[in-house]
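The structures considered in this document are given below.
Two complexes, one shared chain (chain A), two partners (chain B, chain C).
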Partner chain A sequence: MNADTAKRVLLVIRHSPYGSSLARASLDAALAAAAFEQPINLLFIGDGVLQLLPEQDAAAIGLRNHARTLASLPLYNIDSVYVERAAADRYHIDLALAPLVVLPLDSHEIHQFMCQHDHLLGF
Partner chain B sequence: MILHTINAAPSSNALADCMAIAEPCDAVLLLGDGVYAALKDTVSCTQLQSSGAALYVLQADAAAAGVLNLLADDIRLIDMDGFVELSETMPRQQAWY
Partner chain C sequence: MIYSLLVLSSHVSGHGALTAAGFARSAIARGHSIRRVFFLDAGSCAGSSTAVFPQDEADRLQPWLALAEDHKVELVLCISSALKHGMLDSTEAQRYEKNAPTVHPAFIVSGLGQLVDATAESDRIVTFGG
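What follows is the complex of A and B.
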């Protein structure tokens, strides 16, 4: 599909990485979109910012390291990743240490950003 | 313009996350356990009202919950056909759960 006519999809990610399968599912959606060369953006809000903590080690709970998968997204040409500044501040998350480069947005910017997309997928 | 659907109880993060970004040009539809957020004079209802967004509740879910007569006055009740019509007037939808 031509990139100009493709629907713009935003993944709105708002759950912690290991509390449910939602974080995993959001990555599957991102990678599926990338595989079909569909433009996709990621937005981490609320508890979703907890996925960006840098020192995750899920070996002892038998799960894959979520932060490491996030770090691989630029390999699939997913490099537009945004985060709710207030949520990151609330949890004292240093975004400079996040597994991939993220751009912080305030709440009004988030609304504007969401309105630039055709489809909003919540995870 | 965003149609927000909230189908989790007011104590969950769904309502708070939605209210953090909702603007007056938006519409909010409460369904499932989300209907409790529209109970008159509650903290959650005040929060919804101060967003400035148009507020809707799915009638069947409000009836099931037994809250039909307890909702704030500025809440509009809609049925499934109304939900479809509403979604047609809004360019995009965000589900909060």
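What follows is the complex of A and C.
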């Protein structure tokens, strides 16, 4: 797999962080792609924006802090992620406090953004 | 066209896993090929050789076995998901000193690199569940 022929992959993340293990699975997939130096983007839509809440403490339910894993993405050259602006607004999430750099997209931009990728994987 | 499938949903909840197997069969019937089926998260339970289903419900394992036998479709369970769900092949059962393997031999237990590889080598990836 070399970078020239690599497919552009977008993870479309739309579930809350701790209701299921999907959020964790999506980050595992992102880290795997990054480890193989494949271009990958993450887009948080709908309930998925809750993964970007700054204050997360999962100790009481025996799980890893999801925000902390998100914050580690720049170590794997995933420097920023994308978010549905309307969903972030709906949940009153202050994106300036998110665990990593977040780029908000309006709904018409989301469509264009999706079209720029070869594969969409839905989580 | 070359397809790969990402199966996230559990074989015992909803219809995602069964629909995925049906999609694979239909795609092959129309002349497409399935590069790989990658089972992640709850999807990894699809490889269970020990699950027992009620007689009036569909057998969830058989459609995958048929795809593997009839069309050599590669079935890969994500190893970290599989271990958490108790899906152990004989190597992992020995490694973790468990009584017996629980994964059907038609399935391979491997890493997420197999999903990355599938995205690189396929024209389309279709996600089921999630």
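Simple rule for what comes next: the second predicted complex is superposed on the first by the 122 of 123 C-alpha atoms of A that agree within 3 Å, B and C clash if a C-alpha of one lies under 4 Å from a C-alpha of the other, contacts with A are read in each partner's own complex, and residues count from 1 in each chain.
Following the convention adopted for this analysis, a contact is a pair of C-beta atoms (placed from the backbone, for glycine too) under 8 Å apart; a residue touches a chain by one contact, two chains touch by 3 or more.
Owing to the predicted nature of the structure, the values given are computational and were not obtained by experimental measurement.
Asks: When the two structures are superposed on chain A, do chain B and chain C clash or fit side by side?
Replies: On the superposed model, which is not a single observed complex, chain B and chain C fit side by side.
Asks: With the two structures laid over each other on chain A, which partner does A:Ala33 touch: chain B (first), chain C (second), both, or neither?
Replies: So A:Ala33 only meets chain C here.
Asks: Identify the partner contact of A:Asp47: answer first if only chain B is touched, second if only chain C is, both if each is, neither if none is.
Replies: First partner only, chain B.
Asks: Output check: A:Ile110 vs chain B and chain C. Expected answer is one of first, second, both, neither. What do you get?
Replies: In the superposition, A:Ile110 touches chain B alone.
Asks: In the three-chain superposition, say which chain, chain B or chain C, touches more residues of chain A.
Replies: C
Asks: A:Asn77 contacts which: chain B (first), chain C (second), both, neither?
Replies: It touches nothing on chain B or chain C.
Asks: Report for A:Gly122: first if it touches chain B alone, second if chain C alone, otherwise both or neither.
Replies: In the superposed model, A:Gly122 contacts both chain B and chain C.
Asks: Anyone got the angle at chain A's C-alpha centre between chain B and chain C, nearest 10 degrees?
Replies: 60
Asks: For A:Ala86 in the superposed arrangement: first (chain B), second (chain C), both or neither?
Replies: In the superposed model, A:Ala86 contacts chain B only, not chain C.
Asks: Note down the smallest distance between any C-alpha of chain B and any C-alpha of chain C in the overlay, whole angstrom.
Replies: Nearest C-alpha pair, chain B versus chain C: 5 Å apart.
Asks: After overlaying the two complexes on chain A, where does the chain B footprint on chain A coincide with the chain C footprint?
Replies: Of chain A, residues 14, 118-120, 122 contact chain B in one complex and chain C in the other.
Asks: Can you list the chain A residues touching chain B in their complex?
Replies: 12, 14, 45-47, 84, 86, 107-108, 110-111, 114-115, 117-120, 122
Asks: Quick check: in the complex, which residue numbers of chain B touch chain A?
Replies: Answer in residue numbers: 1-2, 13, 16-17, 20-23, 26, 91-97.
Asks: Could you please specify the touching residues of chain A with respect to chain C in the complex?
Replies: Answer in residue numbers: 1, 5-7, 9, 14-15, 20-22, 24-25, 28-29, 31-33, 35-36, 38, 118-123.
Asks: Could you pull out which chain C residues touch chain A in their complex?
Replies: 6, 8, 40-42, 78, 80-81, 84, 111-113, 115-117, 119-120, 122, 124-125, 127, 130
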